[in-house]
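Multiple structures follow.
Same chain, two partners: subunit A is paired with subunit B first, then with subunit C.
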Partner chain A sequence: MVEVDARGFSCPIPVVKIMHAIENSPGESITVFVESEVSRENVSRLAQSKGYTVEIEALAEGYKLILNPPSS
Partner chain B sequence: MAQVLRQLQLGPLKDRNLLVGLETSDDAAVYKLTEDLALIQTVDFFTPVVDDPYFFGQVAATNALSDIYAMGGRPLLALNIVCFPNCLPLEWLTAILQGGADKVAEAGAIIAGGHSVQDDEPKYGLAVTGLVSPQKVITNAGALPGDVLILTKPIGTGIITTGIKAGLVSPETQVAAVTSMTTLNAAAATAMPAAGVHACTDITGFGLLGHAAEMALASKVSLELEMGKIPLLPEIENLASLGLIPGGAYKNRDYLINEIIFADRITAIEKMILFDPQTSGGLFIALPGEKERDFFAALNRQEKRTLFVQTVGRVTEKQDYLILVK
Partner chain C sequence: MAKKQLINQRTALILAGLIFGVGASLLQKWGNPPNMGVCVACFIRDIAGALGLHRAGVVQYIRPEIIGFVLGAFISAYAFGEFRGRGGSAPLVRFFLGVFAMIGFLVFLGCPVRALVRLGGGDLNGLVGILGLIFGAFLGIQFLKRGFNLGRAVKIPTIAGWIMPVGVIVLLLFSLFKPPFIFTSVKGPGALHAALGLSLGAGLIVGFLAQRTRMCFVGGWRDLILIKDTHLFGAIAAFFIGVLLCNLSLDQVNWGFADQPVAHTNHLWNFLGMTLGGLAATLLGGCPLRQLILTGEGDTDAGITVLGLFAGAALAHNFLLASSKEGPSVFGPWAVIIGLIFIFLVGFFMREKI
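Let's look at the complex of A and B:
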């Protein structure tokens, strides 16, 4: 399980971090922490465009996203 | 900004010579000096949207001058507004100001001064004064049912500048975006008188749909836009689907979503593109359908060609939405 904490960064940095995580860990689930709705939407969009399914959990501050790869 | 302005107590200043003020969210203020002459005033400045300081200066000046063109006027004087940190090389500041000066000169106007302050992040823009005949002021409030809607630049600069920050935009697309952002709206503005234009605004931070909604609201009409006819910068759909969408696009969407009807076949990505905030965008013009040909003929007579001028929709009687995208 890969984890990326992108809190404290504004877009496009979280998207770039997730892009790298997808490239470096193909076929693995990725857990992502972001702090803004914009980052939540943009990271979801990226993941879906790569065939991942996205589970979103609202936290006290920010969001936790679990990105599941197409094959699993 | 509109929400803040609504709460302002501006005092009993009702001056009948103020032809365009705050009320209709227009591009610039217009003040009548004589029966034949009115002053147009506007100010705009922002943080760098491209890395190259010279092109940043050009973009900022093109953007600031655009408000004058959108009111049907011609720019006369400009004053620089600069914020610059003391940790960056002064050559960058020189390059920014040179970019601005070159665009102001291209517009046939003069830089007459300015003001600078030290700040952590560079910012640049201009306050521009223009002239217009009071009878020829073009506001965003005059669109009539039956008008056609014309857009003079492609959409997508917000997504592309976000993509540039992520290092994911090809050099060709970067050139296309910078070329668009540094193209003066002068040619399109010069073609407007020949076509009896009813309304005009320029497309900037509220995106195509935001500024179109302002026009619909101010003109008390509704607008129909055809997605397939709206010119887009290259790579936009790919960049947007990768999540390279600026925060402003989401703000625009949240603010406007109840005023807009989308046909079923408009994708989520296309919607976000239409909400994308633009830097130095094109003019958005409403003119009588029978004058459409005259407008394009007048445009083709201009020395400087504008590349992406396109009829993108039409004006209808007021409906229970501001805009229909189909």
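Let's look at the complex of A and C:
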């Protein structure tokens, strides 16, 4: 399980961080923390384009996203 | 469900791009300068002039579109629960990235939005600028991929997020009541403008739509290269089609390089000016329009960036860096080179280990 805390970073840094996480840990679930709706949308879009499924949980401050790889 | 939502988002983005493009074309019909229906860089420069921050008499006017962009985003952010006071992500660096972005745009004579407006009016120099912009985004991506970022922002009290929106309301009051310390061009591009209500209304609508759709005229190019994603690019394409079709129907298209309105034909500095602007905007995370929209959402880092754009506009005219119809100025190209060096240093040294 890989965890990326992208809270406080604005577009496109969360997306770049997730790209690196996907490249470095292929086939692993990635848990992402983001702050804004924009980051939630952008990270979801990237993950879906790579075939990941996305579970979104709203937190008191921001969102927790769990990205599950294509075939697991 | 997620897929449907994505399709809806994409449709909204394309529609918003089209509406914005048609609006930019119509604003020219209604009185804005030719091939400058909307130009965020030029319009910020005009406001800087109106406030007396520079003394170029032909480009001084409080452009209501800019006020509308910020307030439209402010209303939208509140309506959809997305207003959040935030800041603290390398504000001084952002300020200077804003300064140099503006200098680059004023060497080309237009922001990423106006580059498309120019091309949609037949000005082929716009295409050279767009190529420079894409190259700038490409350079910025190299830094992003190697761990560049400006650091985390933190949540700050809401009142701080209100400073810039209130600031543009003050600008609106200035343009309504015309106090004697405000400068207004009597000739030149600054004297060409649509009626205040039309400009403000268009700005409010576009500001609202841009906040909802996250439209960005640098982000679209960046995502094409960085993540091979066409989502944000959809707005750029739709905007261009909107401008072009509306211009064609209004007979506002004149193809060619020479004698285009508020433009010059020096390819090298059109290209490199936009390279500087595109690179700075990529490191900042968005084009000048996007910075205004974020400012309306309570992002004080974007607010500082906008102030940097104002300062850059003032410098560009006070130090004779901005280009004119005749081409680049004596000092403009040097400022572009200094800007590129500054940004390369920032991009290289502000990296975290990845």
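Here is the rule we go by: the second predicted complex is superposed on the first by the 72 of 72 C-alpha atoms of A that agree within 3 Å, B and C clash if a C-alpha of one lies under 4 Å from a C-alpha of the other, contacts with A are read in each partner's own complex, and residues count from 1 in each chain.
Please note the rule applied: contacts are C-beta pairs under 8 Å (C-beta built on N, C-alpha and C of every residue); 3 or more make two chains touch, one makes a residue touch a chain.
Computed from a prediction, not measured in an experiment: that's the story for all the values here.
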Contacts of A:8 with subunit B and subunit C, given as first, second, both or neither: second
Of subunit B and subunit C, the chain that contacts the larger number of subunit A residues: C
Subunit B versus subunit C as contact partner of A:43, first or second or both or neither: first
Which superposed partner A:55 touches (first subunit B, second subunit C, both, neither): neither
First, second, both or neither for A:16, with subunit B first and subunit C second: both
Set intersection of subunit A contacts, subunit C complex versus subunit B complex: 10-13, 15-16, 19, 36-38, 41, 44-46, 49
Subunit C contact footprint on subunit A (complex, rising order): 7-13, 15-16, 19-20, 36-38, 41, 44-46, 48-49, 54, 61
Subunit C residues within the subunit A interface of the complex: 2-3, 6, 9, 82, 84, 89, 144-145, 149, 151-155, 214, 219, 222-223, 226-227, 229, 231, 285-286, 294, 299, 301, 354
List of subunit B residues in touch with subunit A within their complex: 162-163, 165-168, 240-247, 250, 269
Subunit A residues touching subunit B - in the complex, by the definition given at the top: 10-13, 15-16, 19, 36-38, 41-46, 49
